[in-house]
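These notes concern the structure reproduced below.
Chain nomenclature is as follows: A, B, C and D, assigned in order of appearance, with residue numbering initiated at 1 for each chain independently.
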Amino acid sequence: MCGIIGISDHPDASRIAYLGLYALQHRGEEAAGIATYDGGVHIIKDRGLVFDVFDEPALSSLKGNVAIAHTRYSTTGSSNVKNCQPFLVTHRGRPIAVAHNGNLTNTEELYRKLEDEGSIFQTSMDSEILVHLLAKTPNGDYKKWFSDVLSQLKGSFSVVFMVGDVLVGARDPLGFRPLVLGKLGNGYMLASETCALDLTKAEFVREIEPGEIVIIRGSKIESTFLPGHGKKKAQCIFENIYFARPDSHIFEDNVYLVRKRLGAQLAKESPVKGADFVMPIPDSGVYAALGYAEELKLPYEVGMIRNHYIGRTFIQPSQFMRDFRVRIKLNPIHDVLNGKKVVVVEDSIVRGTTSRSRVREIRKAGAKEIHMRITCPPIVSPCFYGIDFPSEEELVAYGKTVKEIADFIEVDTLEYLSLDGMLAVMKDPTGFCHACFTGKYPADIPGNKSKYLLEGKPKST
Amino acid sequence: MCGIIGISDHPDASRIAYLGLYALQHRGEEAAGIATYDGGVHIIKDRGLVFDVFDEPALSSLKGNVAIAHTRYSTTGSSNVKNCQPFLVTHRGRPIAVAHNGNLTNTEELYRKLEDEGSIFQTSMDSEILVHLLAKTPNGDYKKWFSDVLSQLKGSFSVVFMVGDVLVGARDPLGFRPLVLGKLGNGYMLASETCALDLTKAEFVREIEPGEIVIIRGSKIESTFLPGHGKKKAQCIFENIYFARPDSHIFEDNVYLVRKRLGAQLAKESPVKGADFVMPIPDSGVYAALGYAEELKLPYEVGMIRNHYIGRTFIQPSQFMRDFRVRIKLNPIHDVLNGKKVVVVEDSIVRGTTSRSRVREIRKAGAKEIHMRITCPPIVSPCFYGIDFPSEEELVAYGKTVKEIADFIEVDTLEYLSLDGMLAVMKDPTGFCHACFTGKYPADIPGNKSKYLLEGKPKST
Amino acid sequence: MCGIIGISDHPDASRIAYLGLYALQHRGEEAAGIATYDGGVHIIKDRGLVFDVFDEPALSSLKGNVAIAHTRYSTTGSSNVKNCQPFLVTHRGRPIAVAHNGNLTNTEELYRKLEDEGSIFQTSMDSEILVHLLAKTPNGDYKKWFSDVLSQLKGSFSVVFMVGDVLVGARDPLGFRPLVLGKLGNGYMLASETCALDLTKAEFVREIEPGEIVIIRGSKIESTFLPGHGKKKAQCIFENIYFARPDSHIFEDNVYLVRKRLGAQLAKESPVKGADFVMPIPDSGVYAALGYAEELKLPYEVGMIRNHYIGRTFIQPSQFMRDFRVRIKLNPIHDVLNGKKVVVVEDSIVRGTTSRSRVREIRKAGAKEIHMRITCPPIVSPCFYGIDFPSEEELVAYGKTVKEIADFIEVDTLEYLSLDGMLAVMKDPTGFCHACFTGKYPADIPGNKSKYLLEGKPKST
Amino acid sequence: MCGIIGISDHPDASRIAYLGLYALQHRGEEAAGIATYDGGVHIIKDRGLVFDVFDEPALSSLKGNVAIAHTRYSTTGSSNVKNCQPFLVTHRGRPIAVAHNGNLTNTEELYRKLEDEGSIFQTSMDSEILVHLLAKTPNGDYKKWFSDVLSQLKGSFSVVFMVGDVLVGARDPLGFRPLVLGKLGNGYMLASETCALDLTKAEFVREIEPGEIVIIRGSKIESTFLPGHGKKKAQCIFENIYFARPDSHIFEDNVYLVRKRLGAQLAKESPVKGADFVMPIPDSGVYAALGYAEELKLPYEVGMIRNHYIGRTFIQPSQFMRDFRVRIKLNPIHDVLNGKKVVVVEDSIVRGTTSRSRVREIRKAGAKEIHMRITCPPIVSPCFYGIDFPSEEELVAYGKTVKEIADFIEVDTLEYLSLDGMLAVMKDPTGFCHACFTGKYPADIPGNKSKYLLEGKPKST
């Protein structure tokens, strides 16, 4: 997962981009970058959180009123600065920069073809392939140029380009990843989520459509569409469940309200009788827990306090620190939990080990009974479109019954939301990809699935 | 405000101290330091958050099984590394280190006397005075030595010392600041709040009593008491209202439950009829808002989302960034607030400008009516015992009626909790200092009050 | 100017390369880099002196027994890390690295042609062009591959390549820049000068011939030759006069002895009668001054002491510091100079301003008469083959008589060595380029000369 | 050894001090510091060379027209920033800074006495003792104040103080270390050597006399004298032989000319018949070698080239690098040395291992016979007054005959200059300390000599 931003025609483009990245920080904590254009091109990118990478002198040096920006999710430990985005080259005197969210599934084929023709690659990023395709393709008319290039891609992509002072945004035909359009002064803003528009006081205009390419020159905007546009959608439902910010409006709905509805539906499907109160695993479970409690008229309590001062040290902790890791993030309150029968609402379970640690902490703090409720079905299949799930073998739900999972994470009872229940509370129940719950992939996956899995995790950018 | 830690007889004293500081990070974000002893003394301290100051090699270099540690609250911009704590000297071959939370009110007199006798000071910290007093006082018996030194102090102090391998903790006779004792393996742990014991898996033993001095040698602990001990208490009620962590147990109560009771009491005193829901100003208002909503059986909603990625940049922002500051921290959700009559629960109001900004954001997001409720009385007087309030003139409540304050912060109605109502929900209603609400100071204040205020803000460490 | 190194088949290739760069530090103080190969490729390069760029952990991380290395001369202030060498890419799984000394004169044409075919350039370095040519050229047989590529180049180049574990070295057909071959253990060492062989205890084998390409695989070495090889030579005489280290043996002679012979020849052509003593401008004038003094049986004195602690501060000094700059480097000794008639021997004069400053210092220290003698003819034309002279207008000798120059630098008399005298003391009087003294260029120069000068200084790497 | 600087009444005091330190860099490469006063006090000090420690912003921040400065010689590896000078405290509102060159021999007694009276020390530096003595001593009249304090000291000291805007300089009664006075604009400059005056364009006035204290306020200067002043002198002859810069004028003579006279005297005492030429060990042996060659009318050659790019890496080299260390600094020239009978002139021999390495290099480069001549007698006793010789056992001359030393360093013949010959060429043959050659100490040494040596090396600052 990653977050992307594009800005046109704003005198403080770099600062707006910075604020936008700030709002999208949850989409990627590993690296951040901004490129701007004012006749010449300026770029700063580095590993670290947005506020580590940029300071005021940095933002001042990023001159120009066009910008694109990127924040990157950590997928592997070996990542280095070279692989940060935006990716920038200058070709025939014209700077081309790109920032990409998603995962191409025909990377390998494209890479080999280009190298055989003499292209020299600097990185292993999908976004560099985009740039080489642009350099190799005749480029008089932007609509045709970008259509020709982007129609060669398979998989998921929400992407922004800066070519000189032209800003281009595009979303793959199935619309896996979100991309929204806002109006900001005379110009436009593109962002992964609306929370970035809110923070920069941009006015939400609409979402970029699946398969749409927008070409923005200053305050002028044009659209063209990729083949396959408008047929079917496969929006990532996991953005709603976990990934997107609750204050964002994406896929034509408010994330917070979707999560409350998921909680309420879960309460209807799997109530807990005689519970003393409902509590979330903070912060992601808060909204569903409120929906669950409200539906059943149960009290809602904050049973664990989250410590928000989580630093770099704990990203690569020593063994000693590892033992304290769960507790550092969430401290259960004995005076609240002692002797109580509690419903714990969590958005999802991936490996199950973190959930188990938390359950143990809650029990040590005195809880008498722990009933866990999950706001989606069991996750059983890998994602090839950008969510960084582990391999099937590491998924706790893979090949286990719900009872077995409950035993593994040491709860008294465990219930998942049903697939139908989950889709039912969405505005467009047929418009979502649910392959991680069902294994039904809406688009090509690379090679054959099992070979892919043997070779390593899908690369997400 | 500051947080302090002491550890005796633990093979990983520096790491335990580090975790303890982590848990106390909310008590001071400006600087952090740890000193340990293993025959020789080791110290690392610097400006920054705990996880910025220490990394694994740093912790490994802090050898020894005795430690004291400190995290410092930013009171002025001019602070430098020299003024970080613990403060350490070596005198006659013996290292003496000290970490201090509170504010002495006779600093000036003590400083002049010592310098006239030839003492050379390195810093302007209260804690250096403590060390010079220790060096000047005959020191065969530790109980007498520390009694003789600490009985010369006026004002508030919770303090830990490390003298060679001896750990000493003490609290002023009125008990302004908290200090708790835990058992950890063979040894002991001292900490400002119990959340530090929870994180390090230390077992809570008891609070250090007001006026108590504990001398800890390995697993052996002794107490002695300062003159004035046991007569009256003046514990800082603002620790309960705002400062301490909700999962801490201090002043013989759980902070989370105290705050829920404050919210419930506030609901009884000042209900809002026909409100659609109750919402907090996150995070500090959450617990009182839950108490308020529960008491009146009103829905509780998260009307604003807090962004927890707040970095250094926004500590000293440029003018451009300043405009976005409020919104960066808290984003109101239009889909939740639009057209609603809302009760907003906040712990306290100091200058009023931040509250006003937030009220404006809530209203811009569509709220129809905003009724603000505050879980303490109006703050009208400065604190000389360690809380860093601004001068009287900057306090919004100073010389204003509640109606005038409501107008200033632009709410439809505003109500404060009553002094009696606030004290009534405490376990020991007579054991607290409430000078900031009443101007009735329980102990000496420096010189005459107005002169003090002219000269500058009280120094807090 | 730059210094280059290549190492094959040595277990400590990076450390040997480091020592080699150390010995070549005088050829470039701006940046340094080393690339090694051990199955994978490793590279570290940065701005700064060799000992600033590398430390022991850096050298340890540069694993492998093949290495190339580069030290770069500062030609412009705007240089950045990206333009440091070696330049490295990976193409079709094979790493290609290059380090280059010299100046190509058909850069522009090659660059345009490659970009039109879709190549994307990362830098503005000549060495990147070499890599793109290698990527575009069929590459089964290394002799043919490198011949095909290098025969497209015009201008001066001494260059080393590392292609996987194959080391390649080459020198342009006129042999402008030096390149020597040594034997080190089982393998070979290539270096700009023999002083790098001395330091690493490599045994000098021979110089790479003008127009020769050597292909080194482990301990096996093969040669091939470029068209034009063996016809005429245009070795840079300025390497002998000023640039190379006095302890180096290049162009089939020892630099120290050449300089002594130049001094002796100068003494014969332009003696000074009744001089008290001969002194050099240290350090470069020392060897010629000894030759001059010995020839005339005059005393030799150190009239100025050179301070060797010259740091970065003085590279970009403030105005205040600028005033002290000359004196910081060289301090004249009053007790030696006072009342004396002195001969000052200097290797060359470029702008004349530095010489004038030094003359003034010597006079202020009491010298009665100053007679300056220069070990080469007046410099009147720019160099297109790698020496970074200023434009003609800035050359003090351009359009001035020797008398006018003497007046400008404020000496009593000034004499230059004659062209014939200079060439006469060389082992191969016809084998040198002397275009800077005569304007007779032995090879193509870019475009027409004056246009080139209008557009900017020649780029040297 | 160290270098010290004092400046009064100059608008660019920090920059002048910086230039002064630059000129004195040879007296200490480990650390540097400057303190200035402009109503408040400013100080910057750190480990490193002068140009590493200070940059332009640093110098700009050191405001004021009074300054003292210090450059420190590395005596042990464990040195840290805390022990850098100037040492600064503020006492009773008045800043006191001190910079010291020399070695006190009653440190221990003074330290114990002060600590028993309650003084707390921050460092283990002699200079901190000076400050505590100043703080404890009544201080109305500066002449009396400094006389009272400095007369308590034993051993060697050349020292500068800055007390507010008053500059004080002093030299111990025997005058071990140099200290000179210059006039600079309206004010004065104090410096260890005149080369610092030359660089800053200050006019040399005179040397501070042994036992003299000068009190400088702006452009006003007064003197007072310590007991013992004017009786006898014990100036350090090793300053002349090795330590001071050749362009300095100290102890009433020019160092360069002294060294030439030492070389000439050595030639008279120990000529080498039939030698091909005389060469120095650069750079320190250059001047004596010129004197030697001139006396005997032998040619002078530069047989080894010194590489002046010696960086930090080689200060603490790995084993691999250690093997190359000697060669990195000095490269012998085969074409000059091959087959020759050479006289090698060196200033002194301490441990002998470095000399031996160089002799081996010269022989490997082809020299047929090597005759070494040393410009002082054998060093056989430790120095208690500031020169950092190793213990007796490590001195190559301790307990060995000259023949045995010659064998150890592997030369054909070896001769030292005689004590009488050395003193004879000095202007004041009776005014020098020669204890390192004779063991006759002119002043108290700490405790008994052998006990002192057991406990560790003398501390020099």
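Please note the rule applied: a residue touches a chain if its C-beta (ideal position, glycine included) is under 8 Å from a C-beta of that chain, and two chains touch if they have at least 3 such contacts.
Everything quoted here is computed from the prediction, not taken from an experiment.
Number of steps on the shortest path from subunit B to subunit C, with steps defined by chain touch: 2. Counted as hops between touching chains, the shortest connection from subunit A to subunit D is 2. Each chain gets a centre from the mean of its Cα atoms; for subunit A and subunit B, those two points are 37 Å apart.
Centre-to-centre spacing of subunit A and subunit C amounts to 54 Å, using the average Cα coordinate of each chain. Across the assembly, subunit B contributes no residue in contact with two or more other chains.
Pairwise chain contacts in this structure: A-B, A-C, B-D, C-D.
Touching subunit A in their complex are the following residues of subunit B: 12, 15, 19, 22-23, 25-26, 49-52, 54-56, 195, 198-201, 245-247, 249, 254, 256-257, 283, 286-287, 290, 294, 299-302, 305, 307-314, 317-318, 320-321, 324, 327-328, 331-333, 335-336.
Interface of subunit A with subunit C (complex): residues 89-92, 115-122, 131-132, 135-136.
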